[in-house]
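Chain lettering (A, B, C and D) follows the sequence in which the chains are written, and residue indices restart at 1 in each chain.
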Amino acid sequence: MSRENVYLLGGYQTDFARNWARENKHISAMMREAYEGSLAVTRIEPRDIQAAFIGNFAAELYCMQGHLGAFFVDFDPAFRGLPTCRFEGACASSALAALSAMAHIQAGLYDCIAVVGVEQMKTVSPAKGGDYLGTAAWYERESAGIEFPFPKLFGKLGDVYEARYGLDNRHLARIAAINYANAKLNPNAQTRDWFMDYNHACRTGQYNTAIVGRIKVTDCSQVTDGAVCIYLASERFAAEYARRLGQTPAALPRILGWGHTTAPMEFVTKVAESEGQPYVLPWTRKAITDAYRRAGLKDCWDLDAIETHDCFTTSEYMAIDHFGLTEPGQSWKAIEEGVIEMGGRLPINPSGGLIGCGHPVGATGARQLLDAYKQVTETAGDYQVPGARRVATLNIGGSATTNVVFIVGR
Amino acid sequence: MSRENVYLLGGYQTDFARNWARENKHISAMMREAYEGSLAVTRIEPRDIQAAFIGNFAAELYCMQGHLGAFFVDFDPAFRGLPTCRFEGACASSALAALSAMAHIQAGLYDCIAVVGVEQMKTVSPAKGGDYLGTAAWYERESAGIEFPFPKLFGKLGDVYEARYGLDNRHLARIAAINYANAKLNPNAQTRDWFMDYNHACRTGQYNTAIVGRIKVTDCSQVTDGAVCIYLASERFAAEYARRLGQTPAALPRILGWGHTTAPMEFVTKVAESEGQPYVLPWTRKAITDAYRRAGLKDCWDLDAIETHDCFTTSEYMAIDHFGLTEPGQSWKAIEEGVIEMGGRLPINPSGGLIGCGHPVGATGARQLLDAYKQVTETAGDYQVPGARRVATLNIGGSATTNVVFIVGR
Amino acid sequence: MERTIQTVAVLGASGTVGSLTGGLLAQNGLRVYFLSRTREGSQKGLEKAIAQARSEVIADNIICGDYDSMLSEAVPKADWILECVAEDLSVKQAMYERLEPLRRPGTIVSSVTSSLVLEDLPKGRSEDFQKHFLSTHFYNPPGKMSACEICGQSKTDPALVEFMADFLHRRLRRAVIPVRPTAGFAGNRIAFLLFARITELAAEYGVEMMDYLIGPYTGRVMAPLATIDLVGLDIHKAIIQSLQTHTCDALHSKLVLPDYLEKMIGQGHLGRKTRDKGGFYKRLESGQYEYIDPKSLTYIPAFQPHVRFVEEAKQLIHIGRYRDAFEHIREAKGTEAGLVQEILATYIAYSYMLVGEVTEQKYGIEGIDRVMMTGFNWASPSLLVYMLGGKEKTAELLASKGLPVPASLLEDTVWERYPFNAGRYFPAK
Amino acid sequence: MERTIQTVAVLGASGTVGSLTGGLLAQNGLRVYFLSRTREGSQKGLEKAIAQARSEVIADNIICGDYDSMLSEAVPKADWILECVAEDLSVKQAMYERLEPLRRPGTIVSSVTSSLVLEDLPKGRSEDFQKHFLSTHFYNPPGKMSACEICGQSKTDPALVEFMADFLHRRLRRAVIPVRPTAGFAGNRIAFLLFARITELAAEYGVEMMDYLIGPYTGRVMAPLATIDLVGLDIHKAIIQSLQTHTCDALHSKLVLPDYLEKMIGQGHLGRKTRDKGGFYKRLESGQYEYIDPKSLTYIPAFQPHVRFVEEAKQLIHIGRYRDAFEHIREAKGTEAGLVQEILATYIAYSYMLVGEVTEQKYGIEGIDRVMMTGFNWASPSLLVYMLGGKEKTAELLASKGLPVPASLLEDTVWERYPFNAGRYFPAK
């Protein structure tokens, strides 16, 4: 990009295994923990922060609380008067917050912005939660009266693959198993203590019930509570910050490229419009190629890892060919060849992704950016991809309606 | 501002008197009407629009629908893939969308952005709607179990004025009467066909019930459905657009200045912290003075009109001194002297404001900008302030938690 | 001296029209005498006016009284005498005779009539009376319907009509429609022809089906037979008869009163005013409706019609795709679609036909547009032309239904303007 | 040759500890023999293991059998023999005797015991046995509690302890805490002293009040007397007695078994395992709880204590202001506040006191921190020091409660680190 560089200065995520309703905590407590942790980790100080952008999907429904941006002001006396805003694009909410933070920095309006992604979802029954999630799709048409609208929609994504290219569910099971395996290496992952393996993912039964269509429990990301706080900064702030840490600005990760597209809301419309095209979800593909172009990448092989939006195994299956790891429809090859596993040519979701690490809806985009940051700064601990220099993230909202891609690197 | 000029190219608002639930319309229909009307009015074409930013407070609650940004994509085939986002800051949601649009334009990311503010509220009973609005405050502490949380909070604002400076409720009645009177001149105003006058506003009774504390029905803005679509644009686009209209870019209104602050969420905290200070709501004041400074205005007398956030008469009372029409606490003087009436030295809410024109929460910020546009282009019809060149808007979310001010002019 | 109106005497203030219109005047700061046969009647009118305003403060502007004791006080003080007494020529004329000696020269006298022949009303009155006499046809209730047709007779001072038009617009914020002195003026002339045709079709297709087909989604807040129930079948009949007698045009034959409708009136099924006996609709205690069967004149339960193109059109309207919905209606096939197309086409054809007859030619369709929107809450004829894809496509539709294609349609440009607030006329139901 | 563990024989696999720990091994891909007195018992253990894993596939890794028919097959194949039989020295020793002729030299043998004297267990066994014998004290259920205290006795090969620590950490993802061979190791030693003190206070202040005061908000997922109910009062007594016998320190006097508690055990009020008779709590059919009155040993209804500083602290915790909550607790006045402060202070003082005794001095507080978090779901001692405002303020608190201020506290720096995931230990209840 010819515009000013925007730096990513790391941050903090809460433990996605926690249940904040059981802890009797307000959603702002989760934001506060993410924020306080981020200060400790990044050594950014309250007075550095000039705005706070909050990504959240539906606290109105899950927590009966809107206006989340304003809670940030309570976290420190220095924040009185701080400009804040909440951003929403369903499951892509905090990626949108990050995009806007990038724009504000490039416009020269602010030098350092806290981007918080947050969702508290364990406040309601699974049925009610599934219904709430339905508001990320066209509720009246795609969700009302349907018990699990999103498993149904993403099951249909699998059906489209099956019809156009063929699809073997065992490849989906492999995706699930890899994400669970990676999650075991991630101390913040929701499922890190859960048992899951490929054999279990292949089997339908008491402990792996069929939800709808081809989607079983192990194909789904699970209801998760979590918050993430990361920092985006201008060149000017990054220079000062690097000095503070005794580093050079060049050592700090930045946003190398990005893509942002919106497809038509209804899944049937998406699919009807992609009929005869190489990619099932052309607008997801465009967000990816836009990001490659802006980052000056030739293709996916210029990346060292990907954090993608595996809300269901089918969405990761889609991401594999849409990122260009294989020809369209051939995602299974990358799975069979071990390309996407830790140690593979291009690991996907070293963190465990949404299936393994968890999917607190509004927090996921920020969590992906934080994990990209950790990878390129080699601070990902047990789930580090050795020597990672460039990592892509794909955060989608609805049935791949809102698509946001970032390339993070140095 | 030394940064690139951001132009405001007008737009369209729906008739705020309508009841879209009674018409059995989906919230996206309201957005669509605002959008289609805006094309007709502005002569902007679909291919001009590079992003769509949606301001909305709580469609999740009122309409069981999130992810509103994505609906814009359905409005025209040209919008497939369009970057979209929904912004939320309670009642200041669409002002926040406009602020972000401004930032994206100044960053050089987009040249022309549609900013849509929308809220459908007549879907639920008044009690339920009041409860939903409570999520704009700290729900657990300020709203849960309270029938009308916001009338209560803004009644307390009056109490603070009374305690610090004295307050005569007849001045509040005058504010209501002026807004209703102005609304009669506005063909889009919710209350344009309602009867209301100063005598009625002074009286409590069957037809003007006391809500809570000093707040009567006539002190309140009413439940409203509405959408507004406006356009913000870069210098480059404005130049081309002016050519298209046979005008010079200098004839087009632009954002001369802006202010954006967030106060602590809880009203009691706000008030406790302003104890001993001249202004009851110092962060609202700061948003205003920031906007004056950025626009290069000396004070309010450089303005020709103000569109302020009179969700209740007390909030307009507050705005009068916070904008600097009087010394702090002396708002009554401007009311008694007729300063704020049509024909006065500095008319407030020629449109009728929230009390007269209506307050579809997420649409209000955009509606204020549209009215500012109409004033400075002398297209406000019967509610035109003659010769208006500079108009300020103040949009607040929660109990003056989020504060956004714009100065629009040429 | 500039003419001003400060004080108004409303005659017939106990009735709905008189009280609500009088209330509207009081709301707008005029001093209003509410007069009727008894003081109690006028007082009841005041209560209706207060309920309409949702405010007691308007009572400060209202003086209630009966004719005998207060006419002589009120009329000399009045700048405007608004006559809302019974729609009966002799009753009105008798009232005018009482006014003659009391009114100051130059005092405006207007009647709210629309169905009587305007020319007949002030017959026998003084020249000054006739010169200051006109019709101001307010639609009801004026708090919700802003239409006001205005019309002088042959002796009325044209400057007075202009003054009143301006006053009604500015002071009372009426949508003023200057009309020619033809029976039913513009709004009733058009609407009741359509009502008549729909009552005829109901005999064959049933009440529920016709109101389903010509439901709100076709461009009206209320379905047509339900509207007749609201108006009252007796009033409906009176208007149709008046139009039959006093008008004549190419679609005159559609102005029918089917037998079953006469029988309904005979049996006392007048509509909402005879709630227990019902009208086209009968409301059950459960809140459900039954519909009269025109053949047996008994009430039959709702069968909830479901016609595919109708439901699809409603779905498109539900998401704001109005033009797509009307393209769908225009292109739909089958008997039911034919009926909807016929009614829409008749409405458009008849409206454009009457340009120049009920309103001045120079106004084009605009006056008729305005009265249908603000008097009936119907989509205007030109708006339907817009929705149906423009005047060429509309003309084709009219021709295909055997209707005349009026020149005023072919010359019209109003439909091309983006229709402000168009969606409100198309509820998705 | 590198040592590897592929096959494990679990002895006592019918019990909770054996089955769940065995299941954990199977989940992690080890081949596991589930052995107990009967094949049926082992099979029941397998079912528990499946329920813990929430997957039947782990059964592929598990072979069930009884000692008589399968010990001779399993033990020679096992790389590790995990003994989970009854907590009785003679039972364990008898089992070891049976193993001796079957096990290959070098095969690891570990016991899950924590309360028996480790040195006594392998007495009489071969040198190779003793060299490869250690304690691996898994906390229960291992699916939720990741703590595993590990400890050799005098003859154990230190390299083997190191190997097992590494294996438990890497392969089984245990939070491994190397401890010294003292009774109760680290976790039980600390926790049960606090339990003892709280049972003593409950005699005076009541059960409900003590669990309210020392509730989850003070840094634990479950209130203390409720935890004893879960453990079982009989087990509680056994642990306290073992600690009374085998340990001695400055706070030894707090290690009490109040009379009423002995009586409860005598009357069969053992806790959750005697659901009908209850323990400290008794669950009514309504889902409500009653609490035992230590004086009368009858159950009394809940009175829902409400102490202001407690509620305020919970409210601060509810919004994530943990340190503010603990400042509030620290500064609170009154009897109830004094009790909460005493318990927190005792916990901190005792934990830091035991550094060097239950864990190696070189680990500082970290081993104890880890076992309290991962074995009990309690906030660690150093985390409480952080929450209470640092070590100076904490030292003041300890001194004010008449407690020793351990040098290891004064030297500690662990508390200064930002505590990862701290909030999870402080539910707002």
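Quick note on the criterion: a residue touches a chain if its C-beta (ideal position, glycine included) is under 8 Å from a C-beta of that chain, and two chains touch if they have at least 3 such contacts.
Note that the coordinates shown come from a computational prediction; the quantities given were computed from them, not determined experimentally.
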item	value
Third chains touching both subunit D and subunit A	none
Minimum number of chain-to-chain contact steps, subunit B to subunit D	2
From subunit A, the most remote chain by mean C-alpha position	C
Chain centre separation (subunit C, subunit D; CA means) in Å	85
Approximate Å spacing (C-alpha centroids) for the pair subunit A, subunit C	59
Whole-Å separation of chain centres (CA-atom averages), subunit B against subunit C	37
Subunit A-subunit B separation of Cα centroids, rounded to whole Å	34
Subunit A residues counted as touching two or more neighbouring chains	26, 74
Chain-level touch network, classified as line, ring, star, complete or other	line
Residues on subunit B engaged by subunit C in the complex (per definition of touch)	14-15, 18, 22-26, 28-33, 36-37, 40-41, 74, 184, 187, 192-197, 199-200, 203, 205-208
Subunit A-touching residues of subunit B, taken from the complex the two chains share	3, 26, 57-58, 60-61, 63-74, 79-90, 96, 99-100, 102-109, 132, 134-140, 144, 260-265, 269, 273, 283, 286, 397-398, 401-402
Subunit B contact footprint on subunit C (complex, rising order)	27, 50, 52-58, 60, 143-144, 146, 173, 314, 317-321, 418, 420-424, 426-429
